[in-house]
Each structure stands twice: as C-alpha cells, then as structure tokens.
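First the structure, which I've put down as structure tokens, then a few questions once you've had a look.
Letters A, B and C name the chains as they come in the text, with residue numbers starting at 1 for each one.
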C-alpha cells in the first residue's frame, strides 16, 4: 500500500512538472521574434500568406493557441510540422530516433566499458604508473570537448588519411555494411564517457577500499583478486549503476554537435534545427517527450538504488 | 622458542603522514602460549589497534611502515617473511580477527550466510551445500536463533550484538590457533558486552584458541585474560599476570588506570580518579619516559632517559624509574610491598 | 621480602637524577606538533602537487597572453589585409591569417578574452544565485525548502539545450542573451550543494556544540559554515568555468551563439571549421587555446579537490 501511494505521488509530480515545462516552452517560443512561417511567406502574396497562417492556426491569439496546443498534448497529438509538411513528431522520432539511439549506444558501450576498465586499473594500481596514466588521460579527455574531437578525427582520419567517410550515416538498408560511417562519430563521443566513468569508478573503489569490511575480507585470507571482485567492486558499482540510466537517456536523445559535424540525420540535429526554425509543434512534442524520458529515468534510478543497495528502502531514507 | 604460539619481538610501526612520521608502535614485544589469553590495555591512540593489525599484516603499506627489525613469529615463523600463499593460509586459518564495529566490518551488500561461507570455502575443500550446513551450525553455535533465516539476511537487518556474533562466527569458522579481538565489545550495550565476552570465552575453551584481547576497558578483561600488557604511547609499560596487575600494579600509569575504574565497593563520596593531560605526540616522541608529562612522581631522569625494565614476580615487569631509588618513594604507595596479603 | 628487586642492569639514581619535577608545570596539554590550519594545509598540499602547480603556471601564462597577447605580434586583429588571405603561420602572422587576411594570433587572444570573461561572469552569477537560493532553503527548511526543491526538480527536467537555444532566440545572439541563457538553469547544482552542505553542518555535532556553548551566530557562520562551504564553491568554480567556455564555443558553433563582429573562441572555431579542409591551422589554433584553457582549469580543480579534502590534509 505504501509503495502504491508512493507511485501515485511520483506520477502526480511528474505530470505537474511536464505541464510546467510544456507551458514554459510554449510561451518562450511565442516570445521569440518572428515565427515559423515568416521566412517562407516573404515573397508570397498576402492572400496565400493568410491562408497559410490560418492552416497552422498561427493567426489566433496566443492564449487560444496555448489552449489548443495543451488540449493536443493531453491526447498525445502534438500537431503537424510547419517546416516538413504532413510530418508529426511521432513520424520524426520513428525515423530519426534509431539513428541517434544507435550512435549513442555505440558511444556508451565503448566509452563506459573502457572507462570502467581504466577505473579498476587506476584504483588497483594506486600510486603506480597506471594510476597516473589514467588520471592524466582522464583530465586530457575531459578537457577536449567532443566537438573538437569530432572535428580533429574528421580532419585526420577522413579528410587526410581517407580511412573513413568524412560525413554521412548508413541508410536504413545498410545497418551493418555501413559500419565505416559510424566509426568516427562513435569514437568522438566515447571519450567523455571514458573520462567520466574511469574517474567515478576509481573514486568509488578507493572509498570502498578504506572500509573496514575490506579488512575483514583480507583477514579471512581471501586472495587480492577475490577481495576486489567480491567485496570492493560490488560495493563500488553502486554509484555507477545508478548513473547509467541517465547516461542512456542522454545518449539516445542524440548528441547535437557530433551529429552536426558528421551530418548525421539524428534527433539531436533535427531538434536544434526545429528550434531555430520555430517549428512549434515539433519543438513542443520533442521537449515533452525528452522531459518525460528524463523524469522516468530519475524514477528508474531511484528504484535501482533500492535494488543494488539493500540498505535503502523505497520511500525511505538511507539505513 | 618453538613452544610459544606467537612471539612478537621489537615491533615498530610508523605511519608516514603529511605532517611527518608518526611512530605509532615503538618496540613492542610479548609472547603468547597456546590457548592463553592476553589483554592489551591502553587508552585510545596508544597504538594497540595498530599492533593488532600488524599481527595480521593488515596495515596498509604505505602509509604504514613496518620497521625491518620487527619480528612477529607465529609457531616460530616470521609472518613478515611469508609469501602470499602462506600469508593467506595464516589469515583466516591460523589466525583470525574481530573488529570493533561489526556494522562497518561486515560487507553491507552481501548476505550473512555468504560472508561466513566465504572463509570456509576458501580454507576447506567443501561443497557449497556442506558449507551452507556448516554456516548454519556456526551461527547456531554463536547463539543466533533461526540461523536458516538469518543467513539470508543482510548485516543492516541484524542488531548490533547479533552482528558481532556473526563476526565471531566468521573468526572461529576455521578453528584458528590465534584470535585477535580489537575492542570487540566497545560499540555494544553493557548487557550485550557481557554476553559477547562469555561467548568468546566459551568458544575459546572449546577450540583451545589463544586470544589477544585489545581493549581500553580494564573491567572487560578482569575475568577473561590470564595476562595483561598495559600499553602507553606505543610501548608496553607494564606486563604481568592478571592478578598481579590488578592487585599490585607497578607502573604509575597502571595504578592510575585502576583508580579510574568504577567499583561497587568504593565509598560513595569518593570521586572517580581521572588522568589529567594527554598522551605525548608520537610525531616527536619524548626522549625519556613517555608518561612523565602526566606522572605525579616525575623525576629529573624521567625527562631524559627511557626507564629500564624492572622484574618483580617471575612474570611481572614494569618500566619505571621509581624502582631505581635508594628507598621507595613515600608518596607512591604502590611501589611498596607492605600491603601484600 | 624486600620491597622490590631492581633488574640486574639497573643502578641507583643519584640525588640530582631523582629530584622531583612538578609534573603540572610540564604543561601536559602542550601540543608539540606545529599547528597547521585548514587553509595552510590545503595550500601546502596544493603546492606539492606537480599537476596543480603546472596548471597554475599554465593559467598565469594564458591570462598574461590574453591581456597583452594581441599587442605582441604587432598585427591588428581587425585590420583586413587583402594581400595576405589565408596565410600559413609565419614570422609576421604567428598563427597565420583568416579568410579576410586578419591576424589570427591577436584574434585568438581577443577571442579568448571574451570567452573567459563570459565564463567568469556566468560563474559569478551562478555562485551568487546558487548560494542565495541554497542558503534560503537551508535556513528556512520545512515547507519553504520543499517548495524550492520542487522548483529545482522542474528546472532539472528541462532539456538544457532547448532552454539555452530558446533564450538566445528571445533575447538575441548577443552577450546579454548568452549570459542569461547559460545561467538560467546552471545555478541549480550550486544551490543543491550549498543546501546539502549547510543542512549537514547545521545538524553536525560540532556546530550544535558551538551553539550550546553560546557562540553567537556570526561566529558560527564565520568559523564553521563559511570555511566548509567555501571549499565547495571553489571546486564548483573550477569545474563551471571550463563548462561555460565550452558551452559558449558549442553554441557559436551551432550558429546559435554570438554573432556580428564579436570575437570569441567559439566564433573562431566555427569560422575555422568552414575552411578546415584547406587551412587546418585556422581551426587548430583557436581549438588548441580552448583546450589548454579548459585543461588548466580542470587540472587546477583536480588538485584543489584533493587539497581541500580535509581527509587528505591530516
């Protein structure tokens, strides 16, 4: 019963949050000078202009448009794109979502995997060469924005050495055969994860290694390997596991810069373009969906805490 | 000296900190027979926990440094010469350790059963099923009811006394020859303390285990230890049989410690003694007697030179300059023997 | 039976040796160890850390170049030299020239100047707003805290880039727009940290003990709350400055940042990208300066994190 009430409360808060985000986004878009049609109608006769405005409801007063938009949101109907005629948000997500998701997941699997390995290495070899190596590597990787990584990789490996295509993405039919297109974008995006996760795991492991129960494990005569695997790693994975959902959410919503550098037809690039073009229905739809995803992920994270750390109970504090 | 189970000779441990080298243990020596109980008594920071850990080679090196001349001989072998395999056999099978805070000393994300079974499986060739059965028996032995249910629980689901019982089960799992208990009852309620002490005593008698009991509480060791060593500022200042230490303390520090223990037979209006001041900073240990700055019998020589060891009964020694006087100090009654029964 | 049996090695003390010393005069409470305050300890730790020292030197050099760099080469950053378009780096144009023949060396330092100023301004706003918000939450607690926390949660759920882009469009692609856009939600993390720290301190036994002993609030704030919060803020500053430098660059790169005649690192990088196939130096130099600046702040922040952690000072 307690769990049920907790879930209801979380759901209510989520709905209120979504409502506020949608409202704020709408009015910010309304405040922006010009609108989605202004560039298009410049050279058109007044009559056509009027008809266009009527078609997208842009002739109505702000409050009325707001009500119409909100009513649509309630039904999951975000409206049609103004820029790309006839397309809805759902169409666009179905088309571009897989592209962003593939890129993001490839980056994440490579980045998190390598990052965790380096983190373990640094913690186990603390104070030795590999520790310093990982520390310096992580600082370097964090300091070079992935935008610049993307440009550098493109310049060296695509433009100069011609090992990989400069821009582009495998189209729907060449899921596997087009792998060459994905190499550079994946590399460019994974460095940030390597740096973040190696640091996180190292810090967490060093913290755990100072705990008394590691001494207990050592005093049982376990091998160093057993102590690290069964006692240290298990406990130091708690902050990692609880951070993963957010990483997944961030990477499937697309990385704007890498998609823009490599001209990848993903959600991120499209979203930026939609905002720039003030394509209200698309921006509203994507915003609400992304915000809902984030809220859901925070919820999942809270649930994960209770699973990986037996000390934490749902709706209760620590211990 | 192969008949001794454990022989610690001139143990010196330093910690290299940012401020400099802290000499936490400065030449500790003692011996332990099979099945014997020795209490290491002293106030916090006197180096007793560091001593305990170095008997299991558990000090983190660095920042710790075990000085080269230190010897810890277990059945005649120096544990600091052990290779990794021998060391792992020593830990858990020959010797085991119990820590002060069982909550911190148990892995929070592993069930009780697994944590006990781990040490069994590592040292004995057992099937998982046999190990589980042994865990159940062990838990029963240490007085945990419903062991079947308990072994599936996590440490935070148990009470403090229960957790310490689990620690004891882990320690006795492979019937070690030597048990090192680092303040096993300090974190517990007084009533639970007595139960835990009784349990340890009982198991010790069954398994004929030698115990080194580390504590700051003289009351705890009174009916547990055969011998007591009193530690102060990284050295042992007095050692002797339990009886000798309690009835005829020879070192002013021991004397004051005993005066600080509350007793029922004491007149109500008598105030409990306390020892003024703080122990010396082990970053710059004093050249003379470490206790001189808090000793009301302090003499000129005490500031300059470390006192020699004086032998009293066959098994009673104290390091104090008061015994080098021509005749006993009038105001230091414990240095006289008139009150011998 | 004699009173005691001195060990064979012992001797009888001379009267001088056995003279009593007044133990109370020995000043048992005296602390021999040199007393190191928290900040002294932190400074010494920091100066012993080669990476942090290197970072500080790097930062000093950068700041110096940002201040006097543009004048050093003798070429003016706005002067268009039609005869020297896209020149590769040489003795006159140390970093080469851009598509209009303007000196890249001086442009890079002018750009870095603006990028750093924007980052500093944003960080200052973030700290002030974050501290005030977090402080109010911790001070009032209860309902106020709950409501203010909900506001933070809502702000957290906003897609960050969306808010930034929208604000830039509403206010315009100028410095004011950039400052508002970048600060609007980023103070949230500072507020959270400050609140957490203050709450924890308020509950801590030493602050309560200090209150019980009758210390006045000013004393508690100056002696306990401030030092413990300042270290958090310093770390926050060190990690937010590179973040802002980077965000500014990215926005300019997307064409949503500064526009017009303003020069920032982001503007230079985005200009350089257009010609990177043919004149890679036009991208490499501004990108390298950006990375070095971010690197210096990150290294300093890393060193500070260790230095300000009381556990490492001892």
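Keep this in mind: a contact is a pair of C-beta atoms (placed from the backbone, for glycine too) under 8 Å apart; a residue touches a chain by one contact, two chains touch by 3 or more.
Owing to the predicted nature of the structure, the values given are computational and were not obtained by experimental measurement.
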Next item on the list: Could you find the chain whose CA centre sits the greatest distance from that of subunit B?
Entry: A
Checklist line | Central chain (distance from its CA mean to the mean of all protein CA atoms) | finding: C
Margin query: Roughly how far is subunit A from subunit C, centre to centre by C-alpha average, rounded to an integer in Å?
Written below: 26
Next item on the list: Find the geometric centre of each of subunit A and subunit B from their Cα atoms only, then give the gap between the two centres in Å, rounded to an integer.
Entry: 54
Next item on the list: Measure off the straight-line distance from the CA centroid of subunit B to the CA centroid of subunit C, and report it in whole Å.
Entry: 47
Check: Where does subunit B touch two or more other chains at once, residue-wise?
Finding: none
Checklist line | Partner subunit C, residues of subunit A touching it in the complex | finding: 13, 17-18, 20-21, 24-25, 28-29, 31-33, 135-136, 139-140, 142-145, 147-148, 151-152, 155, 159, 253, 256-257, 260, 271-272, 275-276, 278, 283, 287, 290-291, 294-295, 298
Checklist line | subunit A - residues contacting subunit B, complex | finding: 127, 211-213, 215-223, 226, 230-231, 234-235, 238, 308-311, 319
Item checked: Of subunit C, residues touching subunit B in the complex -> 1-7, 9-13, 16-21, 23, 26-29, 31-34, 36, 41, 44-45, 312-314
Notebook entry, point to check: Hey, which residues of subunit B end up touching subunit C in the complex?
Noted result: 17-19, 250, 276-278, 280-281, 283-284, 292-303, 308-312, 321, 323-326, 328, 335-337, 340
Next item on the list: Using the touch rule from the top, collect the residues of subunit C that touch subunit A in their complex.
Entry: 51, 150, 153-154, 156-159, 161-163, 165-167, 169-170, 242, 246, 249-250, 253-256, 269, 273, 276-277, 280, 283, 287, 290-291, 294-295, 298-299, 302
